[in-house]
Amino acid sequence: MAGGAGLIRRAAAGGLGLLVAAALLAPYAVMLLTALKPEAELRVTPPRLLPAEWRPQNFWAVLRDPEFQSWLRVSLVVAVVSTALVIAAAVPAAYHTARHRFAGRGAFLFLVLVTQMFAPTALVVGLYREFFELGLINTYAALILVNAAFNLAFAIWILRAFFASIPREIEEAAAVDGCGRAGTLLRVVLPVALPGIVTATIFAFIAAWNEYIVALTLMTDAAMRPLTVGITTYVTAYVQHWDLLFAASVIAIVPVVVLFALIEPYLVSGLTAGSVK
Amino acid sequence: MMSRRLLPVLTLLCVIAAVGAACGRGDGKPATIKVVIAEYSRDHTRPFWQDLAEQYTKQTGIKVDLQVIDWNSIDQQVSTMIQNNQPPDVLNLNSFSSYAKDGLLYSADEALSSKTRDDFLEAFARGGTYKDKLYGFPILASARAFFYNRDLLERAKVEPPRTWDDLVQAARKVQALGGGVIGYALPLGPEEAQAEWSIWMWNNGGDWKSGDAWTINSDKNVQTLSFLAALANTHRVTQVNPGKTNRTDGAFQLFKDGKVGMVMGFSPLAAQLDAEGKVHYGVTQMPTNVGTPVTLGVEDYLMAFKKKGNQEAVRQFLDLYYQPEQITRWITAEGFLPVTKTGLARMSGNEKLKPYLDALPSARLAPTTDPVWDKVKLDVQQTIGLAVQPGGDPRQVLDRLQKNAAESGR
Amino acid sequence: MGRALLWLGPSLVLIAAVVIYPAVELVRASLGRYSITGLYQGAVGLRNYGRLLEQEALPTVVGNTVTWVVLVVGITIVISLGLAQLLNAPFPGRRLVRWALIVPWAASLIMTSKLFVWLYDYYFGLVNRALVAAGLLRGPVDWLGDDATVMGAMIAVGVFVSLPFTTYVLLAGLATIPGEVYEAARVDGASGWRAYRAVTLPLLRPALLVAAVLNIIYVFNSFPIVWTLNDRNPGMAHDTMITYMYKIAFKSALRDVGLAAALGVVNVGLILIAVLAYLKVSRWREEPV
């Protein structure tokens, strides 16, 4: 009996899942199809979904463009390093605030949250001045630091929630086994908290990958522009290449999906595997 | 053992370096100048200015920090630079008088050779003058012309209109063709509403200013704006929500799609139409209500910012750009109009540009020489579209614009 | 406390360098007078704040912002709770759905917004075409131009792009709930909706807190969606605080970065109030259980 009901439930879930996936992907399917159209077909009335003339050349044109490759490189470096940095800073902070009551704990968490409330658009002028004084305009370091800081609140808060929900028994067992505080963290807690860390990683990477306004202001040298700033050059006030813009946007999604594919298996929790026993 | 010999060598090197640095700073030449150019097109703007910068560096030994910024962001980026006291040395923008008013700029006497100064076309030089000095050096220009779709007008059996009455007639007949066809595409959205509005306003005998006083809400102007509102709401010969349509992603797109009978355009639009080859279009003068058609001329500017020790460096850079081969090469590539006498002579043979070059003598410029214009322009962009909405009030909108303009002057 | 500094140190340094310094600059800018070019012209105390309160568009903008935040965050959380529940248990094609969920998040907000401007277009947009063909609309609608539909159109996009992040946070939260808890609930006789309300939701509280609070902050400050979708509309009728701030600084007759900075500071205050209000409300709900 359980098998039959389970089957129906799974089929229903499968159907629902398919609908959800279609709804989520539909706009981007349109983007993809638009990227495969030649310039002249972009604006027609009545609008057509499929290209009359298929132009995969748009994608090659973008991929072959050395400028595009440069933007891609910059985005990758900034996103990867800033993500590593934010996780490295957030994990100890989140762990310590999750496990210990200390004077200033509430203040710290609150401060972290409040700093997130300043809109990047408002901070950009001050950031420009600061990094100019430091001589860090047009450097990787500038964007790495900024992106790491901007994503700190999220990383700390979600990691904290995660660490807090891990039963203390696991750590106590480790302490009995003779692990020190840092050792406990590294060898016991982190593996169990992996889903939270993975979530934080995806978030930080995507946020850094798609950041625009600070990159625009701090990276004035064309060779140091990331993707978000670079692809806006396809559409200017007087000349617009919408087909190339959409092709580049589709390509820009790929690295994120690849990263996700690599770490998605770790989203499954180790907790339910009964590590307490 | 090593360090004994190393130390004197290091000291010597330090001394040499210090002397060298002092020498460098001594003659007042900057090591780099910052040049900010607006991005007119992806294919031409950066390559040209990159090339120019390299020539300049070879000539003078001064490096160029070239920044090409798209039009959407350039105001914000420049404002950020100035807020931080890091203005560029050379700036390309579509306004200049506010910067002149703040005392930030070199005048033409200070930053240009006399040969360059004398080469500017009269009207454009005047358009860059503030308090009798030339601060906004013309960099390029464009003029608007009246575009029409030959096929649609033929099908509707109308001629390109010469007067406003003709326009209404023509638009109604084109609109009546059905099938989603639009008579006249009217872009009064925030992108460049002041451009479209200027042309209509002038062709009814109205103007932005009369002498030093703003006349935005003159009776003639109210009449004009009401006429446009009628086009939208009474005759219904425009696209939907003209107060909320921009040119580049709205009116022009519809015209390029072949769905629009008439629109006001300029040479970049013609270039795109030619490239796509979809629409048979014609270019003619603006329809007018006062006998002689008037069109809008727009010039963009190059400005030189006053910074310690950069005057000579900036002068050399500007003179390099204003050499006839250089400036003509770039303006031709981008599809715009010349601003110098030598440039005009070289480009007058260009067939594609003929309608705009012919229109140049009768082209009028916006009052860019008045710093208040920078605010008025934005005000018009943000609010004039409200007048042509159903239930919009042209007089009220113009009264507010007038009020804001008058108050900004103080 | 010294120990704490060791663990918190890197975070504090990052925050101090990247946020505190520019935040101080922002406050300083709000106390200054600036020319239209951005040139600093002296300190004027709190005058900018006073002028801010006199702005005609302010009440509309604040109202828009409240609507925008409440609806986007609210709708996103409700749908995400469902999605997370769906994705928590295995079913054929679950992998595909999880991958599909990443895409709206992976694509940049600017590009997604530009895409939706196309989709919503009166003449060239596929939304009109699809809805008219399906018989749900009699004629095309100017989604981004018609005052009645602009906000709804923007909110739809806001929800669409917020779903992935929220769902994944809630999924992470669900993953921490051990299977034994559901077993215990079933043994007690609770199942389905009752089990969800009594067991799952309370255990999801930490994840919900993170999702809601962070969403409130991000949606409040979300610039690209409103800016891009509202781009063709004159006036400030549909702006939120953040786009209004940008317009004050660069795109309106005011061109006043001092005033914009004041708005930026006030904005932080508003977000603070919103978050505190949320925290208060959500703690309140703890009692009855």
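Chains: A, B and C, in written order; residue numbering restarts at 1 for each.
Keep in mind that, in the parts below, a contact is a pair of C-beta atoms (placed from the backbone, for glycine too) under 8 Å apart; a residue touches a chain by one contact, two chains touch by 3 or more.
Given the structure is predicted, the values throughout are model-derived calculations rather than measurements.
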- [ ] State the chain with the largest centre-to-centre distance from subunit C, centres being mean CA positions.
- [x] B
Open item on the list: So using the touch definition from the top, which pair is joined by more C-beta contacts, B-C or A-C?
Closed with: A-C
Task: Whole-Å gap separating subunit A and subunit B, where each centre is the average of the chain's CA atoms - done: 39
Task: Inter-chain centre distance, subunit B versus subunit C - centres from mean C-alpha coordinates, in Å - done: 36
Task: Distance from subunit C to subunit A - Cα centre to Cα centre, in angstrom - done: 16
Task: Residues of subunit A engaged with two or more neighbouring chains - done: 43-46, 124-125, 129, 232
Task: subunit C: positions in contact with at least two other chains - done: 29, 123-124, 246, 257
Open item on the list: I need the residues of subunit B touching at least two other chains; which ones are they?
Closed with: 80-81, 83, 180, 253-254, 257, 259
Task: For the subunit A and subunit C complex, residues of the former touching the latter - done: 9-11, 13-14, 16-18, 20-21, 24-25, 27-28, 30-31, 34, 43-47, 49, 85, 88-90, 92-93, 95-97, 100, 102-105, 108, 111-127, 129-130, 145-146, 148-150, 152-154, 156-158, 161-162, 164-166, 195-196, 199, 202-203, 206, 209-210, 212-213, 227-228, 231-232, 245-246, 249, 252-253, 256-257, 260-261, 264, 267-269, 271-272
Task: Touching residues on subunit C, where the partner in the complex is subunit B - done: 29, 34-40, 117, 122-124, 142, 144-146, 231-236, 246-247, 249-255, 257
Open item on the list: Under the definition above, what is the set of subunit B residues touching subunit A in their complex?
Closed with: 39-43, 46, 65, 67-68, 70-73, 77, 80-81, 83-84, 86, 180, 248, 253-254, 256-257, 259, 268, 272, 275-278, 334-335
TODO: Could you pull out which subunit B residues touch subunit C in their complex?
DONE: 75-76, 78-83, 85, 98-99, 101-102, 104, 180, 188-191, 193, 239-241, 243-246, 249-250, 253-254, 257, 259, 371, 374-376, 378-379, 381-386, 404, 408
TODO: Using the touch definition up top, name the residues of subunit A that touch subunit B in the complex.
DONE: 39-40, 43-46, 124-125, 128-129, 132, 216-217, 220-222, 232-234, 236-241
